[in-house]
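Have a look at these structures, which come just after this line.
Presented sequentially are two complexes of subunit A, the first with subunit B as partner and the second with subunit C.
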Partner chain A sequence: MVESILSYGLAMGAVYALMAVTYNVMFSTSRVFSFTAGALGMLGGVFGALFIGRLGLPSGVGFLLTLGCCALIGVVTEFVAVRPVLKSLDQHLYVLSTLALTLMIQQFTAIEWSTVPQPFPRVLPFDLFVRERFWMPVLACAVVVGGMEFLYRHSMVGRAFLAIAEDNFAARALGLPERGLRIGSYALAGMIGGLAGFTSGGILLAFFANVPTLNFYGFVPVALGGIGNNRGAVVAGLALGLFQQAANYLVGGVFASVAIFSVFIVALLAAPQGLFGAAPARRV
Partner chain B sequence: MTISRRRVLAGSAAVLATPMLASRAQAAEPIRFGWLTALTGANSAPGIGFNRGVQYAAEKINAAGGIRGRKIEVVTRDTQGDPAKAVNAAVEMASSLKVHATFGPTNSGESLATTPILARFKVPSLQVVQLDSLIDPVKYPNAFRFAPNNTQWDDANRHYILDILKAKKVAVLGDNTGYGTTATAASVAGFKKAGADVVYTAVVDANAQDVTPNLLRAREAGAEAIAVWSDSTGLDARLMNTRGRLGWKVPFSGHPSMGSGDVRRLLEKPEYWDEVYLIGYRSCSYDKSGRLPARTEAFIKEVHGKVKLSDTVLYWVLSAVDAVHLVAEAVDKTGSSDEEAIIGYWNKLSGWPGLYGDYTFTTERHNGYPTSEVVMSLANSERDGAFTLAPGYR
Partner chain C sequence: MAAEETIVSVAGGTGIGLVPLLRQVAPFAALFGLAALLPLTHNAYFGLVIGRAAVYWILVSGLNLVVGFAGQLALGWVALLTVGAYTTSVLAAGTALPAISPFLALGAAAAVGAVAGVVVGLPALRLRTFYFAMSTFGFATIVTQIALAWRSVTGGGIGVIGPVFGGPFGSTWGFYYFCLGGAVLATWLSGNVARSRFGRGLLAIRDAEVAAEASGVFKPGLLVLVFLFAGATAGVSGGLFASLQTYITPDAFTFDLSLLFFIAILIGGRGSILGPLLSTVLLTLLPEVAAPLVAWSTFLYAALLLVIVLAVPGGIANLLDFASRKPLETGRIIRPDVSALPVLLSGHAAERQLSFEGVTLAFGGVRAIDGLSFTVEPAAVHGLIGPNGSGKTTVLNVISGYYRPGEGSVRLGERELAPGAAHSRAAAGVGRTFQTPRIVGEASVLANVMIGGTTRGRGTFLEAVFSLPRHRREEAALRERALLALKAVGLEQLAQVRADRLQHSELRFLEIARALMPEPSLLLLDEPAAGLAPDEIALLGGLIIAISRAGVAVLLVEHHTDLVFGVCENITVLNLGRELTHGTPAEIVAHQDVIDAYLGS
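Now for the complex of A and B:
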């Protein structure tokens, strides 16, 4: 039981953390919570199964093509669902536009790919102590979080992202290419979401209906970890995965979801800004 | 006006000719067969299979001259699995297209929406969906089901688990969809009524990634067989893979989706599909020697090269052929396509020999499919849309 809780719990927790980072990266340059995050995760699994499983491409090529396609979908999201509503952020029209694009992607995938789950092929011919379906999401999560830390703290591009996130107008006044950086961040988010779906394909399978699961459970670490806080998202994501799997064993079935959302609500009541988020400064 | 002999003769001729012309007009009017199903979209696989049977049967009847000189005109509307579109199509068929009978829709959500509408217009309707409440001769005297309902499925599955597999302790698992929840509750009630010991029951998320806890609980409770009620092939495969990894030789018995080719693709090992039994039909089941019933074999021989069966489910095609013939024969035998004539004819059918089964209807009973025709099949035995009869049947 403990082995199963740890293996499934950590793997799914890493996937939720990656989805949370996807939300955060898109949010950082646009102040938009794009609900295409779940669609990007779903497409990571579908593209991986398509390129490697159906078309028979080598795993490395399939992996790179998957990331490339998901990056492209990320850019399309910025053009189609985000840019048109940026001028009226206070009306929260992005909720509608990003959800609409997500539904379109989901339905298109159902029709063109399959309405039932499809197998995700083995990526590597060997396992590292545990099966690849369990260690790959955890490794991907570690690489992404390490990479994001490096990007934000040790590169000009990352600092530019942070500058835009901090004050969009001031960053533009300083001459930062805000539009280009925003497109870049959506491409990056696409790759991270695709990576989450690709590495969890062995667990979630290549299935169009994975979108709501990834969207909802991916958003929980964002809220718990503090909006825009990738470190918090990782801690909250892993905790969520472990708690979900433990609840699955302890209370079972659909009650596991009830347990998760009960804890989620209690946590947010205790710390509305998220467990790792700073309380927002109030202008006076 | 003067009455001349010529005028009298002309008038007489006109009076005599009128009924003949009317009769010819009646003879030329096609029998409009309303066909509602999802032919595109996410849930279109059954509709595509049924459609092959509808088109084949109509073309065959028309090629032979039709019914009393009247052609069958199949009026198709693609509902795309959307109840709203199905309602629009049903209203159009009943009010403006004036179809003489309908077949479909072929899923529960759409049928729930269209059945009251077709009843209001008194359109003779043929149904194949399993939902028990769809057939009610008092509320919907126009609606006839020539396929098993959920209760008949449940009866067949319970009979197999208790009487043939001889299991005393049973676990019941279903998914958390509306269908799965209802079917699980009904199945548990049925087992308890039959005196069986239901040692574990669970409603599982259809997309649950790990079902190990559920199977461990069932094993600890001492389950000797598991009834599975889910049409999610992903959940089916996860249950089978987990059972295989646990090395637990407990039989699964239940929903037909467990025999889908999609399940096979998701299995980690082919042997994980052993000892899985699904609901099937005698008319579509191979016997021990690998042969189908004579009526079905004759049909397959007849349609060889004309109707593709390798990528669909055989009973979808067979029942659709029967639907067209049920309407055609009602018009043929009564000489009328009026709704009273068709409904009245169906109400008197007793053991009508269809391809899918022998149907019996009365004014009080509109569930026409015989329970004895519902049997269990081996999940891993699919060939041309049909399955091998599960062990234990004569």
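Now for the complex of A and C:
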């Protein structure tokens, strides 16, 4: 049982953390939380199953195609649902526009792909100690978070990202290509979300209804870890995954959901800016 | 919001002309009248669809106050439909307790729904936008899962039979009229809330939260009341929904339903009642008129939402708002009528002095205010000047309760103004305006001014819901007073216009009218002359002097030195959070430090 909790818990925790990073990357350049994060995660699984399973492409090609398609969806998000509402950020129209786009993606997938969960094909012909569906998400999460840290610290593009995340106007005044970086961040978020869905395909399957699940459980680490804090997101994501699996085994599914939800609400009410975030100053 | 609707709804209550009343009621009467004639077709299928639209509208009418008026993104409201449906069905079927009459069960569903509404809504008091949307979304998931797991009561996946309402409502068309009656009632009740001071408070929370607080709108209290109301309507809607379905399982309460409710409000137009009513009917009919579209209905809703958000943020209500397309008279002149002021400010209990004593406020290591003291006498204008960043607005924000000072106290007369607690200031006798006018653009000028009178209302929320006499009298009095305040600042002729159609200078005078509504002892003006033309500044100066003559202590933060030196008896000059000097205008003009630090050479 412990083995099962650990393997499932860490894998799902890594997926939640990746979803949280997806939210964060989009937020960093646009100040927008996008519901499309969940859609990207879902599409990662569906594209993987489509390219490798249904079309029979080699795993590597299918993987790259999945990331490419998800990056494209990310860019489409920026064009369709984010850029037009950036002017009036204070009205929170982005919540509605990204929700609308997400629903369209989800519903389109349900009708054109399948309304029932479809199997996700094996990616590699061998296992590393545990089955690939358990180690792949964890590895993906480590690579993504490590890569982001490296990017932010050691590359010009990463520093430009940070500058925009810190102060959009100042960054623009410095001559940074704000729009280009924003599109880039949405493409990157698309790939990270797609990666989450692809690597967890063995667990979550290729299923259109994964969208709300990934949206909600992926947002919990954002809220608890603090907006834009990838390390906080990983800690909170893994903790969430383990807690969820432990609760699943110990008290059963419904109570596990209730428990997670209660923890989420109580933690948020106690610290609305997240456990690792700083309170914003009030502006009148 | 449709200004026309707002205008008329603001004019609601007593003292309303017959023609505007008719214009307000006519579209609703036409819609419900048509629906009442439906049984003549003898088409049970139509009856089912329109009946369902009526049941949905009962929920949406309440949710509309939460989403459309208060601007809270309650995405998962289907949770409350579920709660209402199961409460009614379980109590009527007697699976848990001895079976009771379905009508009683429906009442119980309203009560349970109201409580659940507060539970689902409560996080809104602390969580913002996306966070709150996510939390309601989580609730929706949880409620369905509980319904699935709690087999002994809900029947789990097998479900439970819906209530059957007997008597005259037992037949298909009888039940149809029952639902329709509920819809009419829900429209009336939610309309009553919308045009009361509670409804205006909700709009203010949505569009101008800071100004709402300064006007005495207590957000947590107001939201709890509205969540109770929206929960109760959702509970009733759930009970009727269960009866309409005849049999309910957790599968009946899909998230798509939540979207339908939510999207109906946004497509209808925020802050309107007619718009969401129309779109609820449209969205319910949409999948029915074209059967092949059923699978695509959610996709269509979503596409519609995207189009509305991007292209017509005002929704259907905006399209129907013909009155706001008529051009306003150009070259309008603001004509303050200070003769209205003595009447407007006649009743305030005592003329009180503001004492700002030894206040220190630090943001991190920066001392924004550093041991500042000054007093403002009643019936006098006190100027606060200084270079940018010297702490002028911060002083106002401490007085208004947006910031808690580290040290020192602020007293008005004998009473200390509680640190923080911005919403208590209006009742304590402090009115203020803002550097950037903070108004509800979609509401009429009159409604905006009436927001300032929030603290004068004594009638309870229930009195407003049922539009009882005391509430109607208060509304009429408030309306009179708001018109008087508009007359005083010279905007009387614009009372019925949407506030976002006004010029910038007019908004500045509008804010003054709103600040005068609670009969303040102290008026805080934050750069009221910014953006005004010279002749408007002269009018403003006359108005400020007249307000102070009526006994009000006025604290004026301003960069236009002509205005400051023209109207102030005393001036405090700030620099880096400290007093540089103070004195009469003549002394200040001659002061070398001031000339060096502020006025320049």
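Operating definition for what follows: the second predicted complex is superposed on the first by the 280 of 284 C-alpha atoms of A that agree within 3 Å, B and C clash if a C-alpha of one lies under 4 Å from a C-alpha of the other, contacts with A are read in each partner's own complex, and residues count from 1 in each chain.
Please note the rule applied: a contact is a pair of C-beta atoms (placed from the backbone, for glycine too) under 8 Å apart; a residue touches a chain by one contact, two chains touch by 3 or more.
What you see is a predicted model, and the numbers here were worked out from it, not measured in a lab.
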Partner with the higher number of touched subunit A residues, subunit C or subunit B: C
Subunit B versus subunit C as contact partner of A:F207, first or second or both or neither: first
Partner chain(s) touched by A:A81 [first = subunit B, second = subunit C, both, neither]: second
Partner chain(s) touched by A:V258 [first = subunit B, second = subunit C, both, neither]: second
Touched partner set for A:P119, first subunit B, second subunit C, both or neither: first
Which superposed partner A:L64 touches (first subunit B, second subunit C, both, neither): neither
Partner chain in contact with A:I111 - subunit B first, subunit C second, else both or neither: both
Subunit B versus subunit C as contact partner of A:L139, first or second or both or neither: neither
Which superposed partner A:V95 touches (first subunit B, second subunit C, both, neither): second
Common interface residues of subunit A - those touching subunit B in one complex and subunit C in the other: 107, 111, 252-254, 257
Footprint of subunit C on subunit A - complex, ascending: 33, 80-81, 84-85, 91-93, 95-97, 99-104, 107-108, 111, 212, 215-216, 219, 223, 252-254, 257-258, 261, 264-265, 268-269, 272, 281-282, 284
Complex contact set, residues of subunit A against subunit B: 1, 4, 8, 12, 107, 110-111, 114-119, 203-205, 207, 209-210, 213, 245, 248-249, 252-254, 257
Footprint of subunit A on subunit C - complex, ascending: 71, 73, 75, 123, 126-131, 133-135, 137-139, 141-142, 145-146, 148-149, 210, 255, 259, 266, 295-296, 298-299, 301-303, 305-306, 309-310, 313, 363, 393, 397, 400, 402-403, 434
Of all residues in subunit B, those that touch subunit A in their complex: 40-43, 45, 176, 202-205, 207-210, 212-214, 216-217, 233-234, 237, 260, 262, 265-266
